[in-house]
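You will see subunit A twice below: alongside subunit B first, and alongside subunit C after that.
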Partner chain A sequence: MCTVVPISLTVGANRIVPAVAIPHPLGNPELPCDEEKLLRRALVEKALKALQTEVEGQTIFE
Partner chain B sequence: MTSNGKLRIVHYLNQFFGQIGGEEMAGTTPRVQPGPVGPGLALQQALGNSAEVVATIICGDNYVADNLEQASREILALISEQNADALVAGPAFNAGRYGVACGIVGQAAARELGMPVITGMYVENPGAELYRKDIYIIATEDSARGMKDAVGVMVKLLMKLIRQEKVGSPEEEGYLPRGIRFNSFAEENGAKRAVNMLLAKLKGEPFTTELPMPDFDRVTPNPPLENLSKAKIALVTSGGIVPKGNPDRIESSSASKYGKYSLEGLSDLTSETHETAHGGYDPVYANQDPDRVLPLDVVRDLVKEGVIGELHPYHYATVGNGTSVANAAKYGAAIAADLKAAGVDAVILTST
Partner chain C sequence: MRLELGRINITDIRFGEKTEIQQGVLVINDAELKVLLADDPNLVGVDLDLAKPGEDVRIIPVKDVIEPRCKVEGPGGVFPGFISKVETVGSGRTHVLSGMAVVTTGDIVGFQEGIIDMSGPGADYTPFSKTLNLVVSITPLEGLPQHKHEHAVRMVGLKAAAYLGSAAVDLTPDQVEIFELGNFAENAVQYPTLPKVAYLYMLQTQGLLHDTYVYGVDAKKILPSLISPTEVMDGAIVSGNCVSACDKNTTYHHQNNPVIRELLLQHGKELCFHGVVISNENVTLADKIRSSDYAAKLVKMIGAEGAIVSEEGFGNPDTDLIMNCQKLEEMGIKTVLITDEYAGRDGASQSLADATTLADAVISVGNANEVIELPACKKVIGNLKTAEIIAGGFSGALHADGSIKVEIQAITGSTNELGFSKLRGEGF
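Right after this comes the complex of A and B.
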């Protein structure tokens, strides 16, 4: 899970989930606490889905 | 040309070298300042009387990294207003986001404005791998200690590009190989050269390949997880999340180690329990709520709800800020061995 996807591609990651921003990849300080946690949960769920998905090569899960 | 007949050079810098501020200013949107700023003074000196740094375009590293395409469009618009003869970006040394910024801005200027472009980076900068095929990137040292040397080499090649003189090989000119091939005549035919290389190799003597193989770090993807509700998941981060006080004293840049920390009894990371050791991004948001980098709170919820089988009781952290690729690979291999020994099925790796 990363913000600068081209860097993850360069280093060879196979399952990539784009994140929110460099200083807070899994959060957004502008949101109220409960909404921020929902955002984080959605991103982690996306990562879990990626882990359960067959991939042939480097794949970005938008 | 300027009114006094000098070439017009535009210089691109990040917020740090552009003297706007540190990580807290990394969100700065693109702006123009007339004349040279910071390293632009050394650039102007190296350019001498034939060219003038007419403007400096400064943009925050996070602004570019978070909005690659939009930021490069905005910066390109500012460059094109300057009626410039060439663009100099950086040098970025081993600063990853800055290197990517110099690369994407340089690529856009070369492609869309058709102007000569030069930048400089340390060979391990991710921007080097991404953009070396598109633009000339002078190989620099890994920190600003190498500024003077870098600027001299950059200017030398830039003047050749502007004057459309023949550019020599990467070794002669000091740029990172772009993968461009030229015909040239050799003394001996290919068969003889190949056999000579083979003989040298067999004897353990040095030889120079004529076709270096690309060094792709590619990994065959692992098969997908079959049963998440039975799986053991681990959390690993290069975002520097460590217990408060940073007990292992992981360095804020060029980390020499990684840490392994117990998550036992924790269901949420807070400013009381954890912090970031990372010196390469504004730490305010991660220190306020470290779950923004290492999502322990939602993973605990998912375990409680039975979505995930269990969470490995430790998390692993290092600081991915100027850390050499060789060291990062070493930490990765050690962490992976530990995870395998603990029967971990899958890892969520977060990076900043």
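Right after this comes the complex of A and C.
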């Protein structure tokens, strides 16, 4: 999971889940707590799904 | 726009009863200046010191460096949006106190502040060992939030520079340089056979104290924009202080951007200087894509055939640099990039966080991870203990005898990406 997808591509990551922003990749301080929690859960679930997905070469999970 | 820079050569600085310039010697009424600078409810007070080339002095942690100036003819004033009201600068005449600088120090704001040694091996790495420096040590209220602390020290530096600059209002400059650039259409007609070159000027805008201001506007909130090179020379861009010391552009660097200066000097000779586009380096991918799209489009719209692109900082801004390069090259605009490297202490690691094969003309201004030993100095202005927490320093960097071992990343301006300093990397 990372914010700057081009860097993940450059370093050769296979499964890439785009994140929110460099200072807060897995959260968003502008959201109220309950909404932020939903955002965080969705990102983690997406990452878990990505882990279980077979890939051939570098794949971005939008 | 046509700007005259009238340089008053400052040959020495000292404290005295009245702030004035006497045959090149700047006398500073320190009592008056201290009162002026301490007039901020967020500050406990300020101290003033002098640091001159060759002295056994270390300044740490350095926040910003500013060149004192005053506006003597034409619209606007110094540091529009901060000291003067917002009004377009870059024309008329500005007087410059040449050979000196205001340096701000004091309690650390963030962790990316720097070192200036006035003598010894560290002095070779910073341009500000060669300037006569008025050093302002700033003490904030206890518990002041970092962003307010940063704002307070930024304003103190600008106020001090404006105060000193005003001593040059009525003086006759030692030399006057004239910089002028017409509009795109005029340039194209005047120099039809010369290559049209633009400058894409990337500004550090990552937030969390990594900011740059244009006419007082926080540049992370702008879309890339056109600016006259003489506006930049005349103080329209101000540093927000807290980026890694080696490759942040201090306000002094913005005022004296060597890329802009050389492009203006070569205009009509080797090339046709087609304009400056400022862009930012924000922290979301969408921002990076939007800004690089927009910046490349502006460079194309003004009709440039080539562009010089300078980065500020390192790490994720490498992606902004590479996006700018890629998009310009794909539009058929040739690029030259100016960047430093973070290639590890042995220089063997990948230099940038991002890459493209289209970046086939790159000027390296040095490897910021190189380690240097800086012997103890007789006098320290600021706080030596911060050597262990500034970027480029580390736990154990400060030795019992006062000497320090740091990466050159910690030295103000050592790998400046405008090419202001002396380091360069060579391919082999």
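As a working rule, the second predicted complex is superposed on the first by the 62 of 62 C-alpha atoms of A that agree within 3 Å, B and C clash if a C-alpha of one lies under 4 Å from a C-alpha of the other, contacts with A are read in each partner's own complex, and residues count from 1 in each chain.
Just so we're on the same page, contacts are C-beta pairs under 8 Å (C-beta built on N, C-alpha and C of every residue); 3 or more make two chains touch, one makes a residue touch a chain.
All figures in this text were calculated on a predicted structure; none of them were measured in a lab.
Colleague: Following the overlay on subunit A, give me a clash-or-fit verdict for subunit B and subunit C.
Modeller: After superposition on subunit A, subunit B vs subunit C: clash.
Colleague: Counting only touches as set out at the top, which of subunit B and subunit C does A:V55 meet: first, second, both, neither?
Modeller: The first partner, subunit B, only.
Colleague: Quick one: subunit B or subunit C, who's touching more of subunit A?
Modeller: B
Colleague: Return first, second, both or neither, reflecting whether A:K37 touches subunit B, subunit C, both chains, or no partner chain.
Modeller: First partner only.
Colleague: After superposition on the shared chain, which partner residues are touched by A:P18: those of subunit B (first), subunit C (second), both, or neither?
Modeller: The answer is second: A:P18 touches subunit C but not subunit B.
Colleague: Using the superposition on chain A described above, determine whether A:T10 touches subunit B (first), subunit C (second), both, or neither.
Modeller: Touch partners of A:T10: subunit B and subunit C.
Colleague: Is A:K46 touching anything from subunit B or subunit C once the two structures are fitted on A? First, second, both or neither.
Modeller: neither
Colleague: For A:L26, using the defined touch cut-off, is the partner it touches subunit B, subunit C, both, or neither? Pick first, second, both or neither.
Modeller: In the superposition, A:L26 touches subunit B alone.
Colleague: Just one of 24-32, 132-140, 150-158 or 204-212 in subunit C runs into subunit B once the structures are overlaid; which is it?
Modeller: Clashes with subunit B appear only in stretch 204-212.
Colleague: On subunit A, which stretch or stretches are contacted by subunit B in one complex as well as by subunit C in the other?
Modeller: 3-4, 6-7, 10, 21-23
Colleague: Would you mind writing out the residues of subunit A in touch with subunit C in their complex?
Modeller: Result: residues 3-7, 10, 18, 20-23 of subunit A touch subunit C.
Colleague: Which residues, counting only subunit C, touch subunit A once they are in their complex?
Modeller: By the definition above, subunit C touches subunit A via 206-208, 283-285, 288, 316, 318-319, 322-323, 353-355.
Colleague: Under the touch definition given earlier, write down the residues of subunit B that touch subunit A in their complex.
Modeller: Within the complex, subunit B contacts subunit A at residues 23, 26, 62, 65-66, 68, 96-97, 100, 126, 129-130, 216-219, 221-226, 228, 233, 239, 281-286, 288-289, 291-295, 297-299, 301-302, 307-308, 325, 346, 348-352.
Colleague: For subunit A, which residues count as touching subunit B in their complex?
Modeller: Against subunit B, subunit A makes touches at 1-4, 6-8, 10-15, 19, 21-27, 29, 36-37, 40-41, 43-45, 47-48, 51-57, 59.
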